[in-house]
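Quick one: structure below, then a few questions.
Chain lettering (A, B, C and D) follows the sequence in which the chains are written, and residue indices restart at 1 in each chain.
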Amino acid sequence: MACFLPLSEAVKENLRDGDTAAFEGFTHLIPTAAAHEAIRQGVKDLTLVRMTPDVVYDQMIGMGMASRLVFSYAGNPGVGLLRRLRDAVENGWPRPVEIEEHSHAAMANAYEAGAAGLPCAVFRGYRGAELARVNPNIKSVTCPFTGEELAAVPAVRPDVTFIHAQKADKKGNVLVEGIVGIQKEAVLAAKRAVVTVEEVVEDFSGLHPNLCVLPHWTVTAISVVPGGAHPSYTHGYYARDNAAYLEWDEVAADRERFRAWMEENVMKAGPDDFAGRVAGLRAA
Amino acid sequence: MACFLPLSEAVKENLRDGDTAAFEGFTHLIPTAAAHEAIRQGVKDLTLVRMTPDVVYDQMIGMGMASRLVFSYAGNPGVGLLRRLRDAVENGWPRPVEIEEHSHAAMANAYEAGAAGLPCAVFRGYRGAELARVNPNIKSVTCPFTGEELAAVPAVRPDVTFIHAQKADKKGNVLVEGIVGIQKEAVLAAKRAVVTVEEVVEDFSGLHPNLCVLPHWTVTAISVVPGGAHPSYTHGYYARDNAAYLEWDEVAADRERFRAWMEENVMKAGPDDFAGRVAGLRAA
Amino acid sequence: MSDFTPNEMMTIAASRALTSEDVCFVGIGAPSAACNVARLTHAPDITLIYESGTIGTAPDVLPLSIGDGELCDTALTTVPVPEMFRYWLQGGRITIGFLGAAQLDKYGNINTTVVGDYEKPKVRLPGGGGAPEIATSSGQVYITMAQSKRGMVEKIDFFTSFGHGEGGDHRKRLGIDTKGPTLLITDLAIWKPDPETKEFTVVSLHPGVTREMVQETCGWPVKFAVELEETPPPTELELSTLRDLKARTDAAHKGGGPAAKRGAKDG
Amino acid sequence: MSDFTPNEMMTIAASRALTSEDVCFVGIGAPSAACNVARLTHAPDITLIYESGTIGTAPDVLPLSIGDGELCDTALTTVPVPEMFRYWLQGGRITIGFLGAAQLDKYGNINTTVVGDYEKPKVRLPGGGGAPEIATSSGQVYITMAQSKRGMVEKIDFFTSFGHGEGGDHRKRLGIDTKGPTLLITDLAIWKPDPETKEFTVVSLHPGVTREMVQETCGWPVKFAVELEETPPPTELELSTLRDLKARTDAAHKGGGPAAKRGAKDG
């Protein structure tokens, strides 16, 4: 049953040291405010899961919160590499991060299997690809009808998933629109789910019947954080802050500059600061 | 690439003797007009696939068109049994029909696997259920991570799928709304797909981005048949003709009455007759 | 207290077993009526799911089929059928699977497939539909049916869906970790499985019903609980809610009255 | 004819390989530009799909990432990511998978994972994203990249995605029945695999490019076709379409210009 909580409480109650946590978003709707709250709370030893770890994962890894990363594409979208992740993987700074690497198809299927309550996902993948050699969590099953060998990966089942969405209604039902990515599956696959939303509306009457709605009993906590996806975007609310992604490339290039930036923009900030960051990005 | 054709041509070009054919619809959007056209054309030796064979399958089986039925629930929705199907299975009239029977979960997964290009579907099912004993197409695979034994069934890959949908745009993109059932998967799983629609609109601009739309290159032929789902319904267009389902229970109870009804209402009728049948069922 | 029929008592007794916290996978007929009476009385926040994909539906009239437009019109959201079976049922999100039965045995095993031999059936029934996986993936299963010797039998002809199998820990031995049938509501009584043997045992008789009436309409020797209760009769609210619902349903389904009354299940 | 850059020639040559009948899975950067130039010139009905779930998209400006709002706003429909990989890519509906590469070998095998050893990488690259399955599930694969000895190497450090493996019938031996890389478009030339060995062979030099220039920027000994053609230079329409697209893109991505020019791929 979804309860409405301030973000600090929602994170405190649902994210613990050692958890497997997914902060999902596919370029769109990245739960930045939730990730920053987790950084402020100094959570440790996380296994971070995400198809497309980007700036917020770079930040969490740079702050030494993650001992492990499960992913399929780690890049600053539209810009290039993730420099904090590179520093952790190449130099063990500030701590080594173990890597479990998949393809997008595998991760998408693994989340889908998690949502579907299955122990593993079966798909046609990794043929000739070398990840199957270096990742022991890539195995195979044989189709009992055709004999074809198919790839199998374990289902993703996070302890907690964080997503950002457009809106909740007063009962705690959640609407996700536009590029819905893997967010629904990430919520349904998780033991607990925390959703930040742009706003709360009375109810969802009048919505088209086939939209992506998460019933309130699939969500643990909801926090209202306008702008909470910045510098990512929220379809229908505000645009992507492309300049921030470019700026990150420079911030993350240097350890000291990174730490100073985090102190200023994350440690000394709060969820309420996000609304101001997207003010200039809202549609006229 | 979708081409717009009169229904008689769409059926003639895409349904052949001996085909495996799915006329899908889940109470909603049942492609009755297409099925009646197939009956008029006297197609033979079909393997009919459908989760919920109902009145139109009762009619096709009663007319001796099917040699095999793959299904998970065969009933007259809201009324009771299918009397022509019973006659075929119990008495071989007018010809014996071989049965491959599944659960809904299995059929849904099998269509999904067909749409996904997989040879089989893997799911948690049939535990303790006797269908696994009588249907050799129910097998199992073992999860390579947990050792759990999961059910496996072959993917459904029809030669041709028929569905009814709300509308097409001029390019041949198709919109399905409301209870979307298994129709998208049935189209994507098939080698060929024929869609009857209520109407054609200029384009789909302004639609919500996350609706169930089949791109024109996934559809073989489109025929405009207003009312084509009758006595089923089309969300947004007309209501279900409950009386017709009740009437069918009586018509199908007797072989001669059945044949006379088919002669009158199917053999001597055509796609253009459907609009009139739903005239009284349209919202005021 | 007005007079009430055994069928009304059955529906209302079943409705009482449901709560606002439940997420209920609903079969058509008596289960559907019971779930909606619960929603309209003591369990306003119950989530009703029909296998056609409608989640959190609140129909004003009872659907004739699992795919009526009314279900979609009043649902929180409507999802594709594969998603329904994968994310919602198999995903373990259903607390109560609510089933009817053509044949039932004392361990809650259900047959809706055939009467007689599978290959040469005397009566070919509609089949299992969602039941095989509803029976094993739902947190627990409630069953409701009118009693008859033809329906409640010592040995069912076909295991469409698995209840407690041969009783005892048979579910566990098959690796099934859900509870299975925990409640049977008939037109005469409320039954619960014995904690050890899992045999359905009458725990409450509906008003005016005797042990003999239960035994006469049941194909196996009936066990009764030591402390046998009497089911409280329908309250005015319960009865008027059910009757209003049926009246609205009959009015809406012009010509569909008989089917609504028959309450035939479909897939 | 205006002057044009090698990069512009590359993008335009790549665009010419696409038709209105193609269903193209588009990577960001040069592939994205080429696909959209094709759409805006000779292939107006091409279906462009980005792995974020946008099907039949027609962006007015080039996206910076695979999940830009512009892609969704102009798409025929936007589907969840698992559906994208299951129904659309794995389902065999993509005619052309269009990939870039950090490292490429002469058999069209691609590395975007690491430079150096996987366990102790010299440079940790972003990883494969959709590429491993794009490379095997798409009907055929087009590759586009600017030539350099660092990028076009005798031996890639990691097989992120499989091209023709060791050449010959290696795909077939792995049970892969799609064609794999059939076209490589660089800033200097057009390459096609030899029918037998599957080694990429230069079939056309862009205007003003010599064999030596191709060899100097390639890490393996280059094979040239017997009948070596010259790529027709960009037409006015092609060039103005590409430049207008880039100008609109730069204007739209205020502050995003460098990234757009860099055309970095993301997952």
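FYI, a contact is a pair of C-beta atoms (placed from the backbone, for glycine too) under 8 Å apart; a residue touches a chain by one contact, two chains touch by 3 or more.
Labels paired with UniProt names: A, B = CoA transferase subunit A; C, D = CoA-transferase subunit beta.
Everything numeric in this text was worked out from a predicted model, so none of it was measured.
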item: Given subunit B and subunit D, the chains that contact each of them; value: A
item: Equivalent of A-C within the choices B-D, B-C or A-D, defined by over half of its residue contact pairs recurring; value: B-D
item: Rounded Å distance, subunit A centre to subunit B centre (Cα mean); value: 39
item: Averaged-CA centre spacing for the pair subunit D and subunit C, given as whole angstrom; value: 57
item: Chain centre separation (subunit B, subunit C; CA means) in Å; value: 28
item: Junction residues of subunit A, two or more chains touched; value: 112, 116-118, 123-124, 148, 178, 180, 185, 209-212, 235
item: Contacts with two or more other chains, residues of subunit D listed in rising order; value: 72, 78, 86, 90, 137
item: Set of all touching chain pairs, with the criterion as stated earlier; value: A-B, A-C, A-D, B-C, B-D
item: Touching residues on subunit A, where the partner in the complex is subunit B; value: 116-120, 122-124, 137, 139-146, 148, 150, 152, 154, 177-178, 180, 208-212, 235
item: Complex interface listing, subunit A residues touching subunit D; value: 26-28, 51-52, 71-82, 85-86, 89-90, 101, 103-105, 108-109, 111-112, 123-131, 134, 148-149, 178-182, 184-185, 212, 233, 235, 239-240, 242-243, 245-246
item: Partner subunit B, residues of subunit C touching it in the complex; value: 28, 51-54, 63-69, 71-72, 78, 80-82, 84-86, 89-90, 113, 118-119, 121-133, 135-137, 158-162, 165, 170-171, 174-176, 253-256, 258-260, 262, 264-267
item: Complex contact set, residues of subunit B against subunit D; value: 1, 112, 115-118, 173, 185, 188, 204, 207, 209-213, 215, 217-218
item: List of subunit D residues in touch with subunit B within their complex; value: 21, 23, 47, 55-56, 72-73, 75-79, 86-87, 90-93, 137
